Amino acid sequence: MTNLLNKKNMVLFLEEVFPQVNGKIQILKLFKDSASVKLMPNESDLRPGGTISGPSMFFLADVAFYIVVLASVGKEPLAVTTNCSINFMRKPNSIDLVADARILKAGRKLIVGDVMLKSDNGSMLVAHASFTYSVPSRLKV
Amino acid sequence: MTNLLNKKNMVLFLEEVFPQVNGKIQILKLFKDSASVKLMPNESDLRPGGTISGPSMFFLADVAFYIVVLASVGKEPLAVTTNCSINFMRKPNSIDLVADARILKAGRKLIVGDVMLKSDNGSMLVAHASFTYSVPSRLKV
Amino acid sequence: MTNLLNKKNMVLFLEEVFPQVNGKIQILKLFKDSASVKLMPNESDLRPGGTISGPSMFFLADVAFYIVVLASVGKEPLAVTTNCSINFMRKPNSIDLVADARILKAGRKLIVGDVMLKSDNGSMLVAHASFTYSVPSRLKV
Amino acid sequence: MTNLLNKKNMVLFLEEVFPQVNGKIQILKLFKDSASVKLMPNESDLRPGGTISGPSMFFLADVAFYIVVLASVGKEPLAVTTNCSINFMRKPNSIDLVADARILKAGRKLIVGDVMLKSDNGSMLVAHASFTYSVPSRLKV
């Protein structure tokens, strides 16, 4: 069985089930219940003034939490976001946005956690998001 | 003064302050406190299985609410999302995702409202988002 | 089987599973996927200035959504709130706070909907809440 | 000027502006940007099965965040909750629910932070809430 706690395996799996992620992110840290993921922004992520757009921040937060869900439950492409609440607090600079995602509860049906988005080498908190993911029931026969 | 309740003016202003929007959306309806906006998806919005990704749904909801905020307060590129809570309920099909955005309260500092994302010609509710936007204080001299 | 779409049956069931509700609310309307519920405030719900406290508004919204969940799925005391996002927009007056709750999606595991809190005879929107409830799996043998 | 970082002063101020708090809470820790607050539950907070109701958990989280807002900005009875998103994860036991509140951003207009609700002597995370408070503009003459 593929170990998704290996960064290369995780990236290969993501490229398969979520092709948009290709080349857009870099996994900095990867554990069973937390992960740090960096956005590799391109033109389509930037807003005038040298900052990153809100939807691109949401994208990074969602991908980072998806990664930690996969690290926690294993290959489960059908895990889906059911709820996200995100507070945008400051504008990030355009070059180093990192998401620190962690799981707060891994239930049978729902996985709950949060994500801190940081900029300026981790010194500036720019957004905070709470996520709930639903995982398909794993029937045992 | 440019009337942002005119769809062409709105699109021109968006292209200036939020270039990513170019060619990605179509404004179907535009009023002072509500708007309907359709996503024109490309490859980067799709997920395997013929559906639209969560971040692309967030993008559409956020842009639709930004449009109705601009329609309400006028040219204000500095209006920013401060909070969004979104519930994802069903998977949209890949071709006709429409956001119906409305303002529930237009305060001096904060504008609050919600967005329904619908697919299948409006017959299927796929997501519901609540937004708060902060508008810069408009000092009167 | 008891029909929970009957207001008296609903109140009797609530008194059993959620005793705090006793005497605190009045069900104005009750359908399978929507309900209107009025708060009967006492001293403990009021704030200085003649308004209703935030936690009392949350209480009313949560009870109203619980009622419509029960109306939808039947006697299910174990249905629990998993997420609520609430925007407080205006201060209600102290005498007529009404919650209009509706279901947006009734899934097998999760029920999603929203609640509008209104005051001044329904003319003033004071808060808007989104709820997700989890319902225990109903195994079929 | 009264120092609200003193627990007794804080309790006296709360009794004045939010009388419902009387006897319901105990401030365990109080700093300029964080606080720990314990619920002193009575009958009206309990649900059948020996747990604390959702609205009582919301009450504790909201009061704890209000306390840390007051500790941060000073006597400001008009600070109000504008948004709360709360995830309920586990059922607390009925005797020791504690809220750990912290500020993530103290802006001029909006204060953002989160609250962890814990039970079982702090070992069990039962809920996580994000709060935004609005503080009245402090005009400088």
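By letter and in written order, the chains are A, B, C and D; residue numbering begins at 1 in each of them.
Everything that follows uses one rule, which is that contacts are C-beta pairs under 8 Å (C-beta built on N, C-alpha and C of every residue); 3 or more make two chains touch, one makes a residue touch a chain.
These figures come from a predicted structure and were not determined experimentally.
Ranked by distance of CA centroids from chain A, the top chain is C.
The pair with more inter-chain C-beta contacts, choosing from C-D and A-C, is C-D. Between chain B and chain C, the centres computed from C-alpha atoms are 29 Å apart.
Averaged Cα coordinates give chain A a centre that lies 33 Å from the centre of chain C. If you average the CA atoms of chain C and of chain D, the two centres end up 23 Å from each other.
Each of the following residues of chain B touches two or more other chains: 82-83, 85, 87, 132.
Looking at the complex, you find that chain D touches chain A at residues 83, 85, 87, 89-90, 104-105, 107, 112, 114, 125, 128, 130, 132. Every residue of chain C that touches chain D in the complex is listed here, in rising order: 17-20, 44-45, 47-48, 53-55, 58-59, 62-63, 77, 80-89. Taken in their complex, chain C has these residues touching chain A: 82-83, 85, 109-110, 132, 134, 137.
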